[in-house]
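Okay, here's the structure, questions in a sec.
As written, the chain order gives the labels A, B, C, D and E, with residue 1 at the start of each chain.
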Amino acid sequence: MLRFITRRTFGAVVTLVIIAAVTFFLFFAVPADPARLACGKVCPPELLEQARHNLGLDQPLFAQFVSWLSGIFVGRDYEGLGHCSAPCLGYSFVNKAPVLGTILDRLPLTISLTIGAAVIFFIFGVATGIIAALRQGKALDKIASVSSLIGASVQIYFVGTLALYFLVYQNHILRQPKYVPFTENPLSWAAGLLLPWIVLALIFTANYTRMTRSTMVEQLGEDYVRTARAKGMSARSVVMRFALRGTLTPIVTILGIDLGALIGGAIITETTFGLQGVGQLSIRAVTSSDLPMLMATVLVAAGAIVVFNIIVDIMYAFIDPRVRLS
Amino acid sequence: EGNQGAPAASGDTPGATAPTAAYKPPTITVGTADDSKGPAIAPEGAVKGGTVTMLDRDDFSHFDPAQIYINTEANFNRLIGRALTGYKRITAGDFKLVGDLATDTGTPSDGGKTWTFTLKDGVKWQDGTPITSEDVKWSMERTFASFITQGPTYVQQWLTDVDYKKAYQGPYDGKSLDSIETPDDKTIVYKFKTPHADASYAFAMAGYGIVPKAKDTKEKYDKEPFSSGPYIIKSHLVDKSIDLERNPNWDPATDPIRGAYPDKWHMEFGQEALQINDRLIADSGADQTAMTFYASVPPERLQQVLGDSSLASRRLNSPSPYGNYYYFNLDRMKDPKVRQAINFAWPSKQIQQTLGGPAAAALPTTILNENTTVGYQSYDLFNKVAKPDGDIEKAKELLASSSNPTPTVVYAYNQTPVQEQVTVVIKNALEKAGIKVVAKPLDRKTYYDSIGKVQNEFDLYWGGWGADWPSGSTVLPIIFGPVSDGAPNYSHLKDPAITAEMDKITAMTDIDAANAAWMALDKKIQETITPLVVAENKIATTLHGSKVGGAEIDPQQWIVQPDTIFVKP
Amino acid sequence: MSTPFLSVRDLTVDFHTEDGVVHAVNGLSFDVEKGTTLGIVGESGSGKSVTNLTVLGLHNPENTTISGEIRLDGDELIGASRSSMEKLRGNKVAMIFQDPLTSLSPYHTIGKQIGEVYRKHKGASRAEARDRAIEMLTRVGIPQPKTRVDDYPHQFSGGMRQRAMIAMALVCDPDLLIADEPTTALDVTVQAQILDLLKNLQDEMGTSIILITHDLGVVANTAHDVLVMYAGRAVERGTVKEVLHEPRHPYTWGLLGSMPRLSSAVDVPLLPVRGTPPSLLNVPPGCPFHPRCDYVKLAGPELCRSERPELSPHRGHGDACYLTLAQKREIHK
Amino acid sequence: MSETTGESGGEALLELSGLKKHFPLTGGLIFKRQVGQVHAVDGIDLTVHAGETLGLVGESGCGKSTTGRLAARLLEPTAGNIRYAGQEIGHASRRGLKPIRAEIQMIFQDPYSSLNPRHTVGSIVGGPMEINGINPAGGVKNRVQELLEIVGLNPEHYNRFPHEFSGGQRQRIGVARALSLNPKLIIADEPVSALDVSIQAQVVNLLQQLQRDMGIAFLFIAHDLAVVRHFSQRVAVMYLGKIVEIADRDSLYTRPRHPYTHALLSAVPEVTEDDEPRERIRLAGDVPSPINPPSGCRFRTRCWKAQDKCATEEPPLVRLEGNKEGHLTACHFPEQPSVHGRDVVLDPALRS
Amino acid sequence: MKPPETVGRSPGQLMWLRFRRDRTGIASAVVVIFFLLVAIFAPVISWLYGKDPYALYGQDTPGLLNDYGYPILPSGGISSDFWFGIEPGLGRDVFMQLVYGIRTSLLIAVIATVLTTAIGVVIGIVAGYAGGKTDYVIGRVVDTVLSFPSVLFIIAFMPVVENIFVSPEEETPVWLRAVTLVVMLTLFGWAGLARLLRGQVLSMREREFVEAARVTGASPARIVFKELLPNLWTPILIQASLLLPALVTSEAALSFLGVGMIEPIPDWGRMFRRGTEIYQNDITYLIFPGVALLVFVIAFNLLGDSVRDAFDPKLKR
């Protein structure tokens, strides 16, 4: 197990470094010059040079990348701004604040957004999926499949916009989405994120219902489920103890992918609800050519995907003993 | 007149026209030493106390005054920083330039080359130490340092040279600037190379706000400013929120400008204008004490906001003080007749409609903006008042007599959703006059880089410029100044006569005469050269919560200024 | 003769599928006596598994029609309540399946899977169940049962898995054990081990066994009685000796003739049944075997094609064919 | 190893000598590397003569299929030689194999997965001809239909797809495909294991008839000793990657010497007319893992005669005293040459 | 000898038969085909309808739009002249915008789907069939691509791709955005498909018919194209049928973030975004593209499901 985790972690680090490098070098292929943006309205060449030096952009590309990379592990010194200690992702070009701090400040929101929604859509999706599978062809199954299809076909910005309008502005049923740290007040934390959770859940539940239903149907046809029934196990325990175990494996994979993608791709959700998470930060980084911030948000996003992949693989080992050895 | 696009009629139904909002350009005069005494004139009903929530899309990038050039940042800076002079609101729309830290707007001598200011008694930093002339001098000197790249550069150039950063590298290596003298703790004397009658205006720019010599942390000061204004930053989460609390060492009696009525300010960033305005329209709960500096109602909500009479009391509006121009590239568009034809065919009204109608944009005809030009005079060279949707016949006539009756114009635009639509309109109109338009979208990040290149391949492109103080002197000499890569003379106008005229006006010591001369030059340039099309002028409509009082848009900065804001009990 | 321990009468099982009705079992009757083994043989798809799953009531009621009667120790099983069936399964009647890998849950340890049957039916505690599981593993010959009890099925070899399945089936000392092709997936040497094991356990506990297989050799070595199935029907029934040494039905002849034996002559070709088994969607009328039968002419083509022959005589060695006994004897020679 | 020629005539068509196939097992902490190997086939010598059938039996996983696939050069041997008609093909390239490809064909175990479900019978059977550029007189289609007739299928079924056929019929299609190139040697990897008894007999009969009519040599792989006996002139018994005994049919089935062969024969369930009790040998456990095969004699872990010598010394495959020419056994302590011996029960659960 | 149920149908025909029985499948196919026809025959529709998607009717004809640029007639200006109403602001014809918008979006999505599928198929098959080092390298590349935060990347590096085609000073052709979008969507789309197909090929490679082909001396090319590929059509078709609606919505989402097609090219996704901005005053402008998109995506997903079912007789719905 430990070996496995070590190997996967190493692989993940390599992947992240590649992604970071691609981002970094592509950034300089973008025809925008961050120094020019930093320089202001009227910018004579000397000032431009000055701005370039201030941002550290006057060094060779590769050297810049290396110092960025080594900054993560050993920290880095910034002229005028002081030392940036060990996991140093650099200083933002735009506001000169350490990127890491900003990211850490935003991450709880994005994670809360994701985890909260995931809990809802996972529980609902799996539950309805199981019921649909057990009531194959019945009304409930059909309702579940139709609604899941509609859920899968709508977009966050569509539902989100309408939900904001009708539930918040018009009828004041829900609160304007707002992030309050969990540690500060768990109740307002939940209340503040309820709307995005519901909207995200609306869209994602569908997939889980579908997946659960079809895998469950498959599982119910498995030989070992038949064995369980032949052993005299009650219908309930056949489903909950035997069929569900096998159903969870693919579901957990999808959940891992979704969690990674949600954290990494919260852009649309956060834009729709005006929440200040990592997604918004990344958009800001893009529009303002803020390389260190962009690198950091890309790393967070890719890191989320990669980390959740590893978590999924570890989860496998818990769900499926066959995986444990190999 | 002068406000051609101003809203005309009113009504509540969806199919209706926009409501009237009588708009009067502000009056800006120079105040006396008496005017410069605190406290500020309170708006009607003003009370102290409470917390105001400010919602906006973008956080402020700079707190170091020397780095401030943008109106939003300048506006915020009013809460925590002071300068030698400033604008005092007398009543709505009526302003006076007064001494802020200084006892008055300064005393010129030596034909306007030397300016002397005296600091008021009792002005202090947030830690209670008095603000000295040494601090003021230091503040100017440090703007020469290499890390200062954003702020205004006028005074630096007046004090030294056009290439001021070569002349002096800032005070950090121990050298000080000879052209600023501090005979005592309260007096500061600036010695310019040439006369500058409008220097007291220049010192009102937030970019010339003060920084304490003792607390200057160079680059880091941008993150941790030391307050001289009524508030202190209590917490700042980048791009997310700022909380302000009162500065106990700020004395209202010394400050003629800032009312500072709320006890606390809470600022939230990151929401799009649409969402901010939906919140403000809804006006529920905590949002009743909310307002926005800059997130004015987007065109999508204008009909709703202006059509809803219940919002009237929470609505502010003001046309933009900035000039918006479609510059001709004179290197490529050589025939003035074609340039005039384009001016005649220009679909001002259609663009206005695309932007949200008369309530969203006015249709000016002059280069200088009426809001920021003392002594403004209107003229209408291209028959825009009569035919705001374009005089195609006249354009065709001109083209017929020109060197190229069917010209092709390469139009470059900043690729934003709005500009995309405007481009469609422009293309549609000019093609009616027989002008082929090749539209080139440019990436918004590099837009100014692309059009700023002297050797660009475009014929026509949009650009904006705002006056730094209410005079043509910070507009015409800039947008028709030196031609170089990155310089804002996007038309590449290099007419010796015009340049000479501008130099002459700049040297005038009589401000009123100078203002009149700028206005005349404005017309002359459009008449003889036609280097640009004067574009639509956006009108901001801004909402605030029902418990917010004293909200006014600063007509010069085009932003809701904090000085008069108070929380209704 | 007393009433048999299990008696199946006129069992018919139809599946309603998209393609039509599958007549998987068609009027099948047979008995199993206490302590004996009934071997059911027949080609793939002849309805062997369906019959036995029906005994346990394991079919999806949605698309299955079952008629006839199944009496276990005198109790009717068709139409019995769900809870009474649940009490029966694994307790009185247990089952072993063909593929021990897929039939064991990969997610639970062997010990859990064996123990939970015991807990469910005997109300034992966790510890008791575990002890019982170890005991059962010892009985079926798993080495080091104390440690292997915590292994997962994938850690076992094929033969050990089948032993574990047997342990699981026998944990509650069932009266009837249904073994559905328990050795088909195994190698010969392992198969022999498993079959011997089943025999030993039967001797010890007096369990009745239904052994489903398509290998006549297996039946010959293990069973007391044999039932030969074809297209969902019984075509021949009798003791092992009777059926294998004096077969009466042409299909049984075909099966026996198809089998190469270690002792048979090598250079003569085998004598297979020609053709392929019929589709159960569309069972031929009359004798279902007639399209593949070489003796239709002899027995009477009209009869064979139109009327279904019954298994006769009712008890003892019976077969479903219109050939006379004399003809059969003659041909079999 | 020298000659292994059995009595059946004809020159050696396929010779495998010292043949080994080890599959790498990969793993490792960070980088993939080889951590071991599966000794699937571990040094075997076999000869198939023209026109004869060599049966290959053994338990699951002992390397029968691997041997077959090596012989058909679907795999490249780790070591050893494969000679076909005197020509070394062990490491020949695809191009080098081209001329003999047509002569060695294969029939597979699974009639479902061995036919491409997207191809018609016509293209399945005709495909090999197309690949090898064979243009039979009368055209490919004619030849295919001829072949279909030979294997007992309706030539009209030319345009049908495999899923429309029963298992036995599919296996016949497989046979027709193997025949389409007029092979001299067919490697049949458990061609009847997946079929019902009655169908199995049809296919065995067909193969036997083809061999008789066309003189094709077969390497016939099966685990059913009775079927092998029925079809093969010579039989080799494999255990864990090695040949433990090889002999002509009679010798092997009536005078086996290797304990494993004894065990195998005794385990076959038989419908016997006579009541004479057969020898009963019940081995314990399963075949050990080919990743770590036991030292010395590989059968020793399950053998009732095993002694210390077996663990240290690998018994050579030799002709034992009293055995016929070509009857080779690899055992230090061979059994009596008879099928009637004593009962041996090693399985703990069966020892009562 | 007679095989059972001798009907002589190919697997394809059987699928078609199964599919034909699936009423939902047929209905959704009809809807999908309708959309495709609309896209293909947009110019014909325009000609019959007598309007084009570019003309600014609302601006050129007084009385259609009010001061704010909203249609004066109720329901977004629906009239016998303007069936779906008029676009607020520019005053173009909504019906034509939608028809041409569907054309643009479908064109982009279809091309991206085709490219994605082609690349995914080729790389997946190569990885699966070649195995070994090739497979390992491709596997890592796929992992990496799948770990990229794609939306962010597309937003950030759209200009880079555009730059590859055209330098900033040169004329920017209108199709460039489309090409860029296609390239970007393809760049992040192929990996998933490749991974899936690799798995399919791996399991397929173990099938004996592949060995059978090798035994007869078939070349790797023949094995890939003649033996494997025909068997992969099922997953390919299923994936493609699920990919297309996903790409349509992706494109719409990119438009929502402002990196979709630009004016004046009509675009479905951009209409949708504009709709979410102005819905409070002109809901019809959100309804038409929104509902059309919803219907299209639902129909296509249903179609994908039906195709899957048709291909997989085991799965009972």
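Note that in this section contacts are C-beta pairs under 8 Å (C-beta built on N, C-alpha and C of every residue); 3 or more make two chains touch, one makes a residue touch a chain.
The chain lineup, named per UniProt: A, E = Peptide/nickel transport system permease protein; C = Peptide/nickel transport system ATP-binding protein.
Bear in mind that the values here come from a model prediction, so they are computed numbers and not experimental data.
Any chain that touches subunit C and also touches subunit E is listed here: A, D.
Counted by C-beta pairs in contact, the busier of C-D and D-E is C-D.
Of all chains present, the one whose mean CA position sits nearest the global mean of protein CA atoms is A. Note: centroid distance subunit A to subunit C, computed from Cα atoms, is 54 Å. Mean C-alpha position of subunit B lies 91 Å from that of subunit D.
With centres set at the average Cα position, the gap from subunit A to subunit E is 25 Å.
Here the CA centre of subunit A is 54 Å from the CA centre of subunit D. The set of subunit E residues touching two or more other chains comprises 1, 3-5, 159, 168, 280, 316.
Of all residues in subunit D, those touching 2 or more other chains are 166, 169, listed in ascending order. Residues of subunit A in contact with two or more other chains: 11, 30-32, 136, 165, 271. Interface of subunit E with subunit D (complex): residues 1-11, 14, 136, 207-209, 211-219, 222, 226-227, 230-231, 233.
On the subunit D side of its complex with subunit C, the touching residues are 59-60, 166-169, 196-202, 204-205, 208-209, 223-227, 229-230, 249, 253, 263-273, 282-283, 285-287, 347-350, 352.
Residues 7, 14-18, 274, 298-304, 306, 347, 350, 353-360, 410, 415-417, 420-421, 423-425, 427-428, 438, 440-443, 445-446, 450, 453, 456-457 of subunit B are the ones touching subunit E in the complex.
Residue ranges of subunit C in contact with subunit D, taken from their complex: 43-44, 139-141, 143, 157-160, 163, 187-193, 195-197, 200, 214-222, 244-245, 254-264, 266, 269-274, 276-277. Considering their complex, residues 11, 15-16, 18-19, 22-23, 26-27, 29-32, 136, 149-150, 152-155, 157-158, 161-162, 165, 214, 217, 264-265, 267-268, 271, 282-283, 286, 294, 297-298, 301-302, 305-306, 309 of subunit A touch subunit E.
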